[in-house]
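In what follows, subunit A forms one complex with subunit B and a second complex with subunit C.
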Partner chain A sequence: MKHKKPGSVRQHIAKYTAITAVTLKETLYHRNKLISTVFISTFRLIMLALIYKYAYAYLGTTINGIDQTTAVWSIAIYHILLFTQFRSIFRTIKSEHQKGSLEVQLNKPYNYLVYKCFEQLGKGIPNLVINLVISIPILIVLVGPPPALTPLLAVSALLLTICGTLVSAAIYACISLTNLWIEDAEPVFWIVDKAVLILGGAYIPIALFPPRAQTAAHFSPFGAPMFATKIFNPNFAYEWPSLLLMQVVWIVVFILLTHTYYKATQKVLAINGG
Partner chain B sequence: MAKVVDVKNLFKSFTFPVKSAHKNFIQNLFTPDKRTVQAVDGISFSVEEAETVAFIGPNGAGKSTTIKMLTGILYPTSGKISVLGFNPQEERKQLAYNIGTVFGQRSQLLYNLPLTDSFELLSKIYELEPKKYQKQKNNLIELFNLSEIIDQPVRKLSLGQRMRGEIAASLLHQPLIIFLDEPTIGLDVIAKQKLRENLTNINRELKTTIFLTSHDAGDIESICERTIVINHGTIIYDQETLNLKKIYLNKKIITIELEKIIDKKIPPHQGVEIIKQKDNMIEIIVDTTQTTLERVLKNVISELHIVDINIEDPPLEETIRKMYETQKAR
Partner chain C sequence: MKVRRFKRTFLKELAAEIKVARYIIYTNILSAVQLRFAFFLQAGGMIINNTAFLIAWLLFSNAFGSINGWGAQEIIALQGIVGLVYGICFTFFGGIDELASKVNNGSFDSLLLTPRSLYLRILTLTTKTSAIGDMIYGLLILIVFGIQTNITFSNTLILILAIIPACIIFVNFAFTAATVSFFIPDAHELSRSIFDILLTTAMYPGGTFQGIMRFIFMFIVPALFIGSIPVEIVTQFSLYNLLAIWIIALVWFLLARLALINGVKRYESGNMIGAR
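Let's turn to the complex of A and B:
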């Protein structure tokens, strides 16, 4: 008997990018869903921009040293980058476990959680691109152009976005495994997801938080996926290396945690009563 | 012949919390009572290269749990498993490169995209060389007669076509063994027949070992040389299918719909027992060790005016119950 062995790194990369590519193709097939997601996201952005416009008109030109344009663009970045995040893998894994299709997935030569993350990328990319194209002109009309960035800061923001994506993948992959342990892990997801939303600055930019909440957002893993939203903060130029380091630490911590948790989960796994 | 599957003293139990009437909410939440179900209860067997094995049993007997342990999805409570020399639990990924799996009620195909896209993705997942993949794909298209449906979205395929696609997809990487869990479930007679022929062909031509679970005695008879029967987690029968056929699968049920209601009782023939006769419907059971189906059908057609006729195997559960009783009596 001649056994086949795992291939080269190049083949591994081709495998996971193929997963993203084919999911992207499937996502584009569901045009109605894509349009409605983009519509809801754009509508939410417009509403937030208007709320901030009125809040600033009432409270003054700056709050905590942040002007209206910076606040709105911070939140806009959050909502656009939300499509690079991995929240949906929780419900995908939950559904696959309940329907039993998990058994098909676990029989393939890949890492199931990595597969789910690359699949999620394929789902998120079309939303991200369309949102960027639609939201930016709308926001320019509503609140004006974003503050100018130096090339170095733009690159650092890109790095924070990439690392933030990895932190998000590691956090959500980790809590998704809870689905395989308990009957309804939705409360666990709810708590973590809301922590990520609030401490990431989904509705209020971190710079407007009270000092203690800012510290919590800075040092907790739940704020780390969206550090890129701080790009327009006045002290971002000094802050970004420490933010990047923090993200790297959280990536390592959560990958180790997820790996250990995954090993333990395999031993207790049951699919459809067997 | 080399052993491709070797299972020794395999146990699997599931423990789950149950609410106790004697405990309050907090106690039930943090220190619940536990119930243990023994799904697999000390089974041992081995399968040789290119063998075709049916692994059958009633619902809840432990078939799927065993398949899931053999493919590395579930961890056994105790016991040893070796599949193609791999420990499925410790070397799941390496094993996955060498085995194929088909779960009749779950799909591995991309629902909205053409069948060929699923093949393409699987070729990347199994890291196949493009030339090798193209050759194998063409072989499978021919073997499973997929040329007309290969470019159709999976959602537009009939269940029979989809199952052919599923099995072909699981053979793309030329696995040494294929595990099939209820592959013919829900298929019509023609689709079942076609699939059985395909599976027999791949075993004959590619020397792929087949390990199959099914509720359909027809699948077992036409595909598998050997049958293992599992009930309550233990193996109660492990022999050639031919023996099983002689001893247990020797009955056929014939349901006949007559043109009009007849008053007279049908006279009994040797090896034929009338189990139901109501209005214009008659149900008979034929013992094929005492008479042939051909003879019975000839008699029926010559004596009665028939509108419709249906021939089927007795339910597998019935056969297994008989097996279980025979074993107990010994």
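Let's turn to the complex of A and C:
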């Protein structure tokens, strides 16, 4: 029998996907939390859809070639994809650091940050699926079906979603480490999170931004996690290669940054002894 | 004679309750400010955090222009008022955030032993440090709004008269939402969601709420009374709106008290052992 080398890629993948599977089961078990999270997200989405519906009806025209349906679906994509993001790992790491349980995990045979990202995936997937199932029919009733997409554009958007998830993981993992450096890093999280919120197009689609703000959203790392929201823009087909390139650049930059930061953090880490 | 004695006793009791609550709030704020660096970081961070929402809605206003008389200035006033209301409520009455979890984990027992008003004791349980940042942000934004619109003294008074009931509605709605945990087990998340509906909606420009939506968010979930109605009271004074906001504040105060009385009747001790 052929023995696998310990620590092979396949073993690593199996180990981390097992973590996702366990967290997924746990998330499904806490139904109250799941329902309330999805409920509030859907509510927010419906409210925004109604606001845009009213605003467009009041205005009676399109803005920058974006009509009501496109605007609402762009925002909807943001709110649905929010569950594929890694915002929660910040608070998880903060809480583990405060409780002192971090040291136990740092000594386990896995990469702590990768563990947290895969754990977060398990938390996000049920929310994402339920949100998709609930939000899409509601939005179709409210503003009509989304603009039609060619299979190629759909694949491009999927690619941007996957890369956006990786950018998000790298950014939030990086800022999560700040918890181990300063007394209270929550404000750092707020600032980054709100930058992603605005430049990602949570409240207003990027295509409706003034030109300078659009450039900022395109080139900053905070717009990159949510590039997939641009899928319904008229010039998406021309824009997506540069969007993908930006995402790849930010993935590389933030992974390198996080890796260096993680090594430095391990050296200065003070354990609470919890 | 009896009425006069009752009035005197009631007023004395009320004054004593307020004195105790004031002392607790003062202590809460002192302890929040104790860790200087963390405090400044939280307050400063919250100001930046809130500015993000302001930017988002200003971008919206830039794209759509004025909707039903709601333009950039109204949005600035709205964000300022909501920030101030949120800040005041969670700085002075941060306990509303703790009630549901206290009922859920059984640590509510200790509050029942309070010799003073249970309602005020719950409200003054804690101070949310970041809320001080919200309060400062709200004040700063309202000053900007005041300068932009050359606000008069009488309008400033009207604004204050509208913000006070908005705070009463906000606190009592959040309180009522938290009392859900008395009636439904493990309802911490649910009560949070109910509160989020109020907060989320309060931040949206009031001009986009018309017809049935306006009715729902005024009289069922009083979100428009937290920000939009106070803005409308200041920008286009209406005695009807000012009167309405005070009546709604009274209604939500009574509802919160009623919910607490009924909730406590249903509460079963969690038998949680702890030292205080």
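Operating definition for what follows: the second predicted complex is superposed on the first by the 266 of 274 C-alpha atoms of A that agree within 3 Å, B and C clash if a C-alpha of one lies under 4 Å from a C-alpha of the other, contacts with A are read in each partner's own complex, and residues count from 1 in each chain.
Please note the rule applied: contacts are C-beta pairs under 8 Å (C-beta built on N, C-alpha and C of every residue); 3 or more make two chains touch, one makes a residue touch a chain.
All figures in this text were calculated on a predicted structure; none of them were measured in a lab.
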Three-chain arrangement built on subunit A, subunit B and subunit C clash or fit: fit
Subunit B versus subunit C as contact partner of A:Tyr110, first or second or both or neither: first
Subunit A-centred angle between subunit C and subunit B, computed on Cα centres after superposition, in steps of 10 °: 80
Partner chain(s) touched by A:Lys15 [first = subunit B, second = subunit C, both, neither]: first
First, second, both or neither for A:Arg91, with subunit B first and subunit C second: neither
Touched partner set for A:Ala55, first subunit B, second subunit C, both or neither: second
Which of subunit B and subunit C A:Lys25 touches, first, second, both or neither: first
First (subunit B), second (subunit C), both or neither touched by A:Phe39: second
Smallest distance from any CA atom of subunit C to any CA atom of subunit B, in Å, after fitting: 7
Of all residues in subunit C, those that touch subunit A in their complex: 35, 37-38, 41-42, 44-46, 48-49, 52-53, 55-57, 59-60, 62-65, 67-68, 130, 186-190, 192-193, 196-197, 200-201, 204-205, 208, 210, 213
Subunit A residues touching subunit B - in the complex, by the definition given at the top: 1, 3-7, 11-12, 14-15, 18-19, 22, 25-26, 29-30, 99-101, 103-104, 106-111, 266-267, 269-274
Residue ranges of subunit B touching subunit A (in the complex, touch as defined): 2, 4, 14, 39, 49, 60, 62, 64-65, 68, 71-75, 84-85, 89, 92-94, 96-99, 101, 103, 105-108, 110, 112-113, 117, 120-121, 124-127, 173, 176
In the complex, subunit A residues that touch subunit C: 32-33, 35-37, 39-40, 43-44, 47, 50-51, 54-55, 58-59, 63, 182-184, 186-188, 190-191, 193-195, 197-198, 202-204, 208-210, 213
